[in-house]
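Letters are used for the chains, namely A, B, C, D, E and F, taken in the order the chains are written, and counting of residues starts over at 1 for each.
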Amino acid sequence: MRPTVKLVEESSSDPRVRAVFDDIKATKKIDRVPDFWRALAAHPEHLEMVWTRLKATMKPGKLDLLTKEIIALAVSITNSCRYCTNSHTAAVQKLGLSKEAYGELLAVVGLYNMTNKLSDALQVEPDVLPEPW
Amino acid sequence: MRPTVKLVEESSSDPRVRAVFDDIKATKKIDRVPDFWRALAAHPEHLEMVWTRLKATMKPGKLDLLTKEIIALAVSITNSCRYCTNSHTAAVQKLGLSKEAYGELLAVVGLYNMTNKLSDALQVEPDVLPEPW
Amino acid sequence: MRPTVKLVEESSSDPRVRAVFDDIKATKKIDRVPDFWRALAAHPEHLEMVWTRLKATMKPGKLDLLTKEIIALAVSITNSCRYCTNSHTAAVQKLGLSKEAYGELLAVVGLYNMTNKLSDALQVEPDVLPEPW
Amino acid sequence: MRPTVKLVEESSSDPRVRAVFDDIKATKKIDRVPDFWRALAAHPEHLEMVWTRLKATMKPGKLDLLTKEIIALAVSITNSCRYCTNSHTAAVQKLGLSKEAYGELLAVVGLYNMTNKLSDALQVEPDVLPEPW
Amino acid sequence: MRPTVKLVEESSSDPRVRAVFDDIKATKKIDRVPDFWRALAAHPEHLEMVWTRLKATMKPGKLDLLTKEIIALAVSITNSCRYCTNSHTAAVQKLGLSKEAYGELLAVVGLYNMTNKLSDALQVEPDVLPEPW
Amino acid sequence: MRPTVKLVEESSSDPRVRAVFDDIKATKKIDRVPDFWRALAAHPEHLEMVWTRLKATMKPGKLDLLTKEIIALAVSITNSCRYCTNSHTAAVQKLGLSKEAYGELLAVVGLYNMTNKLSDALQVEPDVLPEPW
């Protein structure tokens, strides 16, 4: 399969694209730009919008980076996204998630994909509610 | 709306159901059985299978309980499960997740639901791969 | 909540709508037209297209009607469709599915929603393939 | 693509893994362990939990095995799970589902994926309800 | 049901929130802030990020605003999002989509939700490919 | 990967299949039948039903063909359907959608996949409602 757009070269002459590419490599401490970003770069304004948002969102805050990547992986698996499941599995691995912890993550993701559907099937109305924050 | 099955009373005379109900209340430190479990109890063997599995999976291990509940919430939101989104939001709140941390969780879940679809749209082949564990 | 269109009355003067409504009641042996069909009737041509197709598809063939309704229910639960989960649960019940059989259906639907995601998470390539029919 | 974990060899020296692998082959009457199970085996406790549950759930009961595999296939298609769609298509084929019956299954799965979304679009409240079992 | 956070009052004293609320009302030409935005405002930085992005994305460009709202509605229906299906249906209606055009939109959304699953079921490899842009 | 059925040859001797294949090529102005239709043709009655419906639904009406294909693409991306994402991207391209317009479409699809989940997470009840058509 090939992407729907031409992947933009890292050596792109568009200064906006170059700036984002450089920031991606510096922020993620990697030496090549992943193809997802090279595809998004077909539309430089969109690339900038997505990267800016991702960088702001993934900055460690009340949740640390590993927890945020674990959430990203849980979402990607639940959405059956192949590219994202691979790249976020690689990310949690790089951040030190052990094989055992990965196994626990799988078990939790599997379990709640099951109970979500059991709950939908049974049509139970919510009775355990958070106190609005 | 009403459930598709009659909710089983906590005072059920079925010993298998009673044992699970008691264990749910003791394990979760709550004093009533949530309706999801009362609905599952319409089929005692299934109730037992789901609860046993949930209890084993949610036991703190390499991942702590809060991280596991965060994963459960990310999955439930991504699946648009109303009952589960409410109950897992209540769970992370009870475990001490702050309002700010909850805001970060929302931002991460929202972001990757977006990038998952951008990646599917662009049909990029996985190029960032984990080292098989 | 209210529907996005005005529900069409059973006494509609549109002959196309009336014909479909009469056929729905006769085919399903019910004495009122469910709201889903009354909503679709806001667009008579679309109503006709959906009903014609549904009638042809649900006609007992190599698979009997109960098996077809079981499939409809499994799809509706997996899609978290509230209206459909209710109406197809009612349908299998009317066709005689016992409480025990319903419990087995729930267990199977729950189980494969779990293994589907485990399989996506692990990124295993298909190795068990049907012989093309 | 490669799996996120190393597939465990059938000749694994872990007795828990061996026991499950042997049981899979005996129960399914196959002479090699499918890759899904070899991947799950990277976490033996999880493998055991999933297999035990699957074996109990798929045991013929009020629903026969073919009906259960038909449900599994309908769920897998609706979730767009490639591995699972292949393996459950192979399973229903092995259990004797004819080409014509498979065509009917496709038509039913397609139809309800359509009506599920029409119902969500029109925001019709459930009016056809089962009598709680 | 109640939201998981306290809805922020339009008269909020937080200047960042006020600025976004004022911009929402001016941009959308409405005189009250929809509850979705009042809920997001529980986290002012997130509110700002989502609104800024939405405003930039929905600005008429090569695609006009109605086409963009039609896409938003198609996505919301496919995701079974109740709040969003209501608000984007209201939006296309306000922009002048006729009842007949709405019927066509429903038919198209329904149709492709069906063919998407038939295609997944049949496991056909992509053979109609765009020329990468 | 191979399809689950044998693709039917364009030179099929089944007159019903031949008629649909000829109509597909004439209607879409293409000189070969895409594999999706060759797979559906394994069940001629189903092929006819899907094609007839698709042809009627995609006929330009109140919405023009490009808008309908844009909806089809938005649905296909949201469902993560690979075959369909490729073929509908090819379709909008053939109908003249520019690279810039495609970029806007991606941004809109991405954005609402995000806000759909934020809205589900926050459990906000619909407050912006269409006037029933």
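By definition in this document, contacts are C-beta pairs under 8 Å (C-beta built on N, C-alpha and C of every residue); 3 or more make two chains touch, one makes a residue touch a chain.
Computed from a prediction, not measured in an experiment: that's the story for all the values here.
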Number of steps on the shortest touching-chain route linking subunit A and subunit E: 1
Both-way neighbours, i.e. chains that touch subunit F and touch subunit E: A, B, C, D
Of A-C and A-F, whichever chain pair has more C-beta contact pairs: A-C
Copy pair subunit B, subunit C: interface residue numbering same or different (half cut): different
Subunit A-subunit D separation of Cα centroids, rounded to whole Å: 27
Centre-of-Cα separation between subunit B and subunit A, whole angstrom: 21
Shared-contact residues (touching 2 or more other chains) in subunit E: 1-5, 42, 49-50, 53, 57, 78-82, 85-86, 89, 99-100, 102, 106-107, 109-111, 113-118, 120-123, 126, 129-130, 133
Touch-based graph of the chains, sorted into line, ring, star, complete or other: complete
Touching residues (chain side subunit D, partner subunit C) in the complex: 1-5, 7, 34-36, 39-40, 50, 53-54, 57-58, 61-63, 67-68, 70-72, 74-76, 78-79, 81-84, 86-91, 93, 98-102, 104-105, 107-109, 111-131, 133
Touching residues on subunit E, where the partner in the complex is subunit D: 77-78, 80, 82, 85-86, 89, 106, 109-111, 113-118, 120-123
Subunit C partner contacts - residues on subunit F that touch it in the complex: 1-6, 42, 49, 53, 56-57, 126, 129-130, 132-133
Subunit A residues within the subunit D interface of the complex: 80, 82, 85-86, 89, 99-100, 102-103, 106-107, 110
Subunit D residues touching subunit A - in the complex, by the definition given at the top: 1, 4-5, 42-43, 45-46, 49-50, 79-81
